[in-house]
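A quick write-up on the structure given underneath.
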Amino acid sequence: MNSYWLGVSTLAGIYLIATLGISILTGFTGLFSLGHAGFMCIGAYASAVATKMLGVPFYIGLIFSIIASVIVGYFVGYATLRLRGDYFVITTFALGEIVKLVIENMVTITGGAKGMPDVKPGTTFQVVLILDIIVILLLVNFLKSKYGRNCIAIREEEMAAKIIGIDVMKYKMTALLISCALCGLAGGLLAHYMHYLHPNMFNMAKSNELIVMVILGGQGSLTGTTVATIALVFLPELLRIGAAQEWRMFAYGVLVVLIIVLKPSGLFGNRELNLKGIVSPFKKLSSKTQGGK
Amino acid sequence: MLVQQIITGLSVGGIYALMAVGYSLIYSLLNFTNFAHGLAVTAGAYIGFFVLSRMSNLFIALIMGIIVGGLVSSLIETIAYRPMLNKNAKRIYLIIAGAGVSTAGENLIIILFTGRFKAYPNVSGLEPIKILGATIGKVDIIMLIACIITLILVEVLLQKTKIGLAIRGAAFDLDVTSIMGVNVKQLILFVFMLAGSLAGLSGYFLGMKYTAYPMLGQMTNKAFISAVLGGLGSIQGAVVGSFLLGISETLISAYISSSMRDIFSFSILIVVLIFRPNGIMGKNVEDKA
Amino acid sequence: MTINDSMLSLNELKKNFGGVTAVNNIDIDVKNGEIFGIIGPNGAGKTTIFNLITGIYPPSEGKIIFSDEDITSIPTHIISQKGISRTFQNIRLFENLTVYNNILIACHHQAKYSILSGALRTKSCKMQELELAAEAEKALRSVGLFDKKDFIAGKLPYGEQRKIELARAIATKPKVLLLDEPAAGMNENESKELIELIRQIKDEYNLTIIIIDHHMDVIMSLCDKIAVLNFGQKIAMGTPMEIQNNEAVVEAYLGVDE
């Protein structure tokens, strides 16, 4: 494969890990975050710093990414999950800003606003592909299990979830930590792919992009998230719009509003790709043609 | 020196208050965070710039800022929020839509006017003056006075007029107010217009104090923080929170470091949410099953 | 626990909302295996009592004792896990999910596998999931909705939605079941069916039941004991016979014979 498109695919695969995590939080548990790029930022710098200063290998660096994000996520969750949904949104937004500001201020370690060059390489298409597959399998199982179902229950009707014995705080925290871990992992992968880090790579615009991918794909559908993420990473490249970020972000903003106003369930709603889904339209089609005779 | 900082802090706080009151009104009424609030601010700033580029009339520019802010806010309500409010959509969808509008709007401004900072042309009569031995910008004092007057007017509107009564009633219970014969849709539009006008005014001041630039609307983050600090749902709280935030930010910036300023503000938000989520003057609402 | 032991006891329960006293000094004792009715005009505080029992908000004063354990102010989900279940006056189903999933979710506490087991879909996880499926099927069959299990819950008629809520409540294997106006909106035939259904699941699942309703035929035929509330206070308590002949009750409330 042409190395340019291989690169784009790798990037799509990296973002997919992040958006799948956010999908669990937002799409399946109903918690909306405007600052998850912050967790990618934490993961990215954690791994970059660990591999640079402690000399650990790439894989260990990724573990640092996950742990760092999860720890921060835990504190954020502990503070705000028991509060109303609004507060959570505002806090995640504030968190995204704080993380960026803190990184910018830790100049000696992170290079601050000048960026951090020479990050160890390590992310390859194969690594990303394997991780994607593993993450998807784990999440599919998670959603099929009682843990996934309980998250969905919380999204649907929180009061009813409580009344049937679901510890809402615990599940919200679980969803949050899953999303933090995956965003952290994605951040780490990104760092070792770009070989360079800058706080602006994880700003508000990035958080928005991530959210758009989840909403466009459809809340409650991993398939939708996957399709939307791949599409939104490849599309600008295919159409060569990459030049002006403003145009892309403008389109994103409009897209979000259109989806939310017209079809809040997104492209896929809460349908998933499965064998039944592919086969049954064909069955319907064939029975129609027979009946029509 | 301290006096100077405090006056600066108060004037910053006044600007925050204009934004926070508008944000708080919408929140009290409809129970959601209007992330598109910043657009009205930015609109006010840019209009101020355009008017002052053509004529030296500060007052006209101010009025235009107010009007345009109100218009932008009303437009956003009509296009983005109303369809969903009519369907009684989940609040989270409104928040997402607001974030989308905000992103689209900011980038539209960059597309139309470039991302460059637009400094207001120098208008005469605004040199610093001396009070109590400290050098204080005339601009800061005028802004502070204008903010205070505006806030008083808003309070009068809320407490002494019929529409203010309707707003307070609707903030308490939207459905009951509707049953009482108030045209709630018009009321919502009015509140958005009011909030937008206040935001436009604050944008004009911000444009004058700093410059007009596309991301100016992000100052509304400080409005959110102020409103939470003062207590979400309380207009007076929003004002109190704003002045507190303005003063403490300025002091931190002056005596510690300016890079700590924003970290401080956002951290205050998280601290308040942890220890006193109802803010200074906020109300506690229990959920009826 | 034997038949005459106290299952649920409300002691001097009080709840203020701002300036309004919704529940004022309520003493109620429900024995194991009883069907206990709570009636009274709208706004008398009945649903508030259910909310207090299930921990949706804490009482201003007083205690709630469940099977010798003080459960006052304990979080809702723990109270559910301890064995108190309820239905809502305004049905709170998972409307966009299937009937089956509504019930399956409620069975969750019976599976003990960890998140990791779930994510890896271990043999133990799969086996426990099969058990859950069996439990869900049983609850659905008890209310007669098994053949509608793949319908979207929110699209079914009102009466059947109430049954789904009932099935969901019993799927959590409670000891005490709180029913908040289960007969609301039902006609005479449906009410008769409901009475039978409640008796049936009470026996099948060995339940103690507390029921709020305005349908006097349902209340009088089902309940062993009835408490009458008005303005947050208990104005009478006794057997259906005693209540029907109680002057204070007649004065305050009766005549709503549906």
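Brief remarks follow.
As written, the chains take the letters A, B and C, and residue 1 is the first residue of each chain.
Definition applied: a residue touches a chain if its C-beta (ideal position, glycine included) is under 8 Å from a C-beta of that chain, and two chains touch if they have at least 3 such contacts.
Because the structure is a prediction, the values reported are computed rather than measured.
Ranked by C-beta contact pairs, the top pair of chains is A-B. Of all chains, the one whose CA centroid is most distant from that of chain A is C. Nearest to the common centre of all protein CA atoms is the CA centroid of chain A. Chain geometry summary: the mean Cα position of chain A and that of chain C are 40 Å apart. A separation of 31 Å divides the Cα centre of chain A from that of chain B. Each chain gets a centre from the mean of its Cα atoms; for chain B and chain C, those two points are 47 Å apart. Among the residues of chain C, those touching two or more other chains are numbered 54, 56, 88.
Touching two or more other chains at once are residues 159 of chain A. Shown for chain B are the residues that touch two or more other chains, namely 287, 289.
Residues 54, 56, 75-78, 80-81, 85-86, 88, 92-97, 101, 104-106, 108-109, 111, 113, 115, 117-121, 125, 129, 132, 168-169, 171-172 of chain C touch chain A in their complex. Residues of chain A that touch chain B in their complex: 30, 32, 34, 76, 79-80, 83, 85-87, 89-91, 93-95, 97-98, 101-102, 104-105, 159, 204-205, 208, 211-212, 215, 244, 246-247, 249-250, 252-257, 260-261, 264. Note for the complex: chain B touches chain A at residues 31-33, 35, 80, 83-84, 89, 91-93, 95-97, 99-108, 110-111, 115, 218, 221, 224-225, 228, 232, 259-260, 262-263, 266-267, 269-270, 273-274, 277, 287, 289.
On the side of chain A, the complex with chain C involves touching residues 138-139, 141-142, 144-150, 152-153, 156-157, 159-168, 174, 270.
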